């Protein structure tokens, strides 16, 4: 009756995240020191990242085929684990500065990460739904974690209301799919009878997930939520849930027999409006956090281009892009989190003026991340965009490729503007340099390393992601 | 005429059910009325008073007087109330409380009778559901609304606080209440109340002790019973958990603004709930209608008649010496009737056998109700936070531990 | 009945209170003057933080009858019945204080027989007052039965008082200069029977309450008043003694015949509601002890000192205090040499003790407020006068 | 018209009526009451399908626990009557037709695939079957749900807790 041992090993990262979160909560009344919690959380997330290897060593389905381990899930679990680790590493000093309670914060990150891992490895819709909810609910709370700040309250409330709405769509989609296929296992979803019902279900599913990845026209919440949430949390939002949700989306559209076919057209439309919504929106912003928020909408659009391509290169491109994007976004938000200063008051564009003189290394790192987001060679972002182009062209989506190019040009404007402000503009008033603590520096170094490394040697990842048994059973 | 009889015959099930409903309702409402007299009398004697004494001999007509008073009192509607909800609340309270008694089986054997040459058979109890216990809990779960809505609809501060308190209290204790019976469900393997009783038939310890859940089985449900009983008191808002109507703090809690018959409905609802939870305690932990004595002891069959006889004789003696003429007439009359009933049971063995089950069942229920009253006379009231602490920190963990221990017991020793 | 102020979720901007996502403001609840547990017409304005008391204000005066003013227009004898109406559950004690004060003012002393009978009746009255306190206090906390038990015993005391002077509640038992009535024939027997009975009955109450977990939970640690605070606020009586301060006027400045009797002054340790309960229970036992000693040695002799029909104390002033059941009951009388007092000022124990309410209630739950009002043992007739 | 069908239509009408009242009622408490009616009607429908356990749980959990919490919160916040706002233009122009279209579409789809749906395996009707499904096949998501609830509790604590 009891499931065999390897089934537990297959979902080990999830178990570690859940267990770690619970442990942190249990220790909360007894431990007083912030450092202890930070170290514990770091150790926990590191263990989770390492345990991904364990899950990779035992591929296969677990728990009656509801969840399992395959290369794709391993990749995304690793990504999520690494993001969680870096966010925790970068947030210790932030929490102390804003005097926020550490234990609950880390526990919520753990639970969010657990949810994302479930999302990435679920093979059945209900399991995926619970994963989605776990990550979402943790996110809503994290968004409002700075309770004194009205902006944080707005952020949490907006995220919660719209998020629950999206969840309802998702759930309704599952219900319709179940009604028309008689199963909730993704790979077995073949319609029992022809009709529009399964398509409607899938569409609702897509709406729900589009919300989570901030794809237009369901992106409206993004800037406000990203702006109000504590910046390390914003970093987590932009990297983690997006990756995990795209993982589920990939799994649905690769595995589900139902989802084959005409959906590329939908993705085409989604990709185009998302890219434009993100990039055009970013042009008007003066708040750096909001700029980055709009940029992540745009990036969701780029990734959707790969979905529209719907070929093997596209799948590989999604994986690689998410990795590159996560590294750059994490790095960028870490810089903003630190430079924002107490109460996150200094996150306007003007506040970054003259950063290069004050803190040349920080400015350089920030520029590197921005360039990667823009997709300049030598950075990982370049290859990410390159493979997406390649995928689009391989599927003869010339128009889409052109629009992607146009958008990259628009994006160049605001990324470069930020760099110019940092390097060329004089600061309006004298501001003291904010030296980076060791942990944040480590985060920046790791992100920068990843950005440059994958910018030079993308082949490992591409080779891994081109595995035909990426979503294996 | 024959047509009507034919139609009735065709739908005999429905007809019998309706008749049973009506009968139970009649009996129940009478019992409720006299329960209030019983409570007042017992409380009075605990407190060294006489209690109601003026209306009828020994206050026996007091319930009637109370009922009339409730009916004929002015029925004021406070200003600013939400009329619909204000009226709905007492109705809900009483209706749900009465409904929950519909699933209680009162005895083991079905009642057989014949009308116009057709044999009919019906169980003692309105319905016999597979998920009887769950239905009970479902009804209990809805019962909260009566109190909560009453508090809200009254448009007054103290009722609101009372309503809030009671809904919080009932929600908290519902958990413990539900968890505490899981052990019994595990041991019986059924939600059916009849089957739960059947599972407790039989004897143990050389036939000396009954195999009631509270003492027998793979894991005696003594903890479960404790949790159930405490939670049930809280669930019915009785002392020492009567915070929702704590007079000294909240005036009269949720029913402050209610008067006349609407108040009576709350009142009756509370008593009906008391009966329901007592019935449930009897069924789940004390073997329902099974006798506490070995069946070989045939003399125990005469306990009902003996009790009736003793009661009858006492009434006779007391009645003759009673002050008022009405008492001198009524009390001996009732005493004689009881003695006659006792004689009837003595001489008609089938009838006597038939009432054994219901007798023990009702006796146990009666003992529980006496307990309720006793506690009201003895214990002070808990404070709100203490009440919550007991519910969440003691009862819930205990009842969950009981579930675990019972499952372990069943795993290790099997069912019996 | 009450006003609420509610604060919407996540209100931005102004206001000194910290805004949280789910913040809410304090609620003002008026308890009384029509409330079953405010023992009359006390009105308490409670500032509630959830169910917790963040602050309180006692509003009094609903029962103000101008007793002190009335005194200025009555002769000394005429005023004596009025004092019975202050602490109407301990009228005998009120009378004793007043009579002794006037006697002191006039330089008269009651005869020894009168003194002992006064002591005896006052101690009986103390028991009656404490019984009433226990009855209502227990009822407030939700125990129904002690009420009836206590009233049963109190009834016996009232019967003795009735037999003695014809009145049960507002007795006007004493006269200036001694007594009007001598002890009735079977009084000693009655008192002895009562004392024997009562010692058994008090065990019954303690069976019901003292070891009861619920009672302990409701009283221990509730309404703690430290000795220093109690002294600083002028709190007297059992409330003071429960806080660990040994101060009883019967011992400190003996009056009537208290110096002739042996008794102990029970004191508490923690100054919480439970200690006050224990102290009062023990006080009742000690009162029984005094009563028993008193019936044994009521001296023979006159019961009324020589005082004229018209009382005209010399010009002067006097302060005389006795240990009433609720604390120090003091009379300050200024005489201008006429038949009417120039000024009478009464220090009622309930009024002063009520001051401690806010201190005791802060941080407790609403349900505790009821327990604290009960444990203070106030009588509004005395607070408002 | 079998009796079952009559009961079905009564319950269905009740559910729809409740749902409409839920939206139309101006006072939150009335809306909550309407929602309770919906829940109870749904429980009746489950019962009609032979899913006794689900029906009972529907009432205990939704009708009882959750809705009581709703009512509780409404009472606690002392929420007054909503102010009537006119239907927004988008809602009128796009929302209502879309909602109608969706329901019509769903009805049509369900009608057409009725026999197909009937083939779907019914394993969850009995209490035993349901528990087998929950505690064997779906044990993983079931256990995950407990973490989900834990997160929600944690969130409530984090967001509502007072500063010390």
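Chains here go by letter, A, B, C and D, matching the order in which they are written, and residues are numbered from 1 within each.
Please note the rule applied: a residue touches a chain if its C-beta (ideal position, glycine included) is under 8 Å from a C-beta of that chain, and two chains touch if they have at least 3 such contacts.
Model, not experiment: these values are computed from the prediction.
Comparing the chain pairs B-C and A-D, the larger number of C-beta pairs in contact belongs to A-D. Of all chains present, the one whose mean CA position sits nearest the global mean of protein CA atoms is D.
Each chain gets a centre from the mean of its Cα atoms; for subunit A and subunit C, those two points are 72 Å apart.
Each chain gets a centre from the mean of its Cα atoms; for subunit B and subunit C, those two points are 45 Å apart. Separating the centre of subunit A from that of subunit D, both taken as means of CA atoms, is a distance of 32 Å.
Distance between chain centres (mean CA atoms), subunit C to subunit D: 60 Å. Residue positions of subunit D touching 2 or more other chains: 78, 159. For subunit A, the set of residues that touch two or more other chains comprises 144, 147, 156. The touching residues of subunit B, when paired with subunit D in their complex, are 82, 84-85, 88, 129-131, 134-135, 137-138, 140-142, 144-145, 148-149, 151-152, 160, 163-164, 167-168, 170-171, 174, 178, 191. Residue ranges on subunit C touching subunit B, taken from their complex, read 1-2, 29, 35-37, 51, 138-145, 147-149, 152, 208-209, 212, 214-215, 217-218, 365-368, 370. The touching residues of subunit D, when paired with subunit A in their complex, are 105-106, 109-110, 112-113, 115-117, 119-121, 136-141, 144-145, 147-148, 150-152, 154-155, 157-159.
Those residues of subunit A lying in contact with subunit D across their complex are 1, 11, 18, 21-22, 25, 62-64, 66-67, 101, 104, 107-108, 111, 114-115, 118, 124, 126-127, 130-131, 133-134, 137-138, 140-141, 144-145, 147, 156, 179-180, 182, 192-193, 195-197, 200.
Interface residues of subunit D, counted against subunit B in their complex, comprise 27, 29-30, 33, 36, 40, 43, 52-53, 56-57, 59-60, 63-65, 68-69, 71-72, 74-76, 78, 127.
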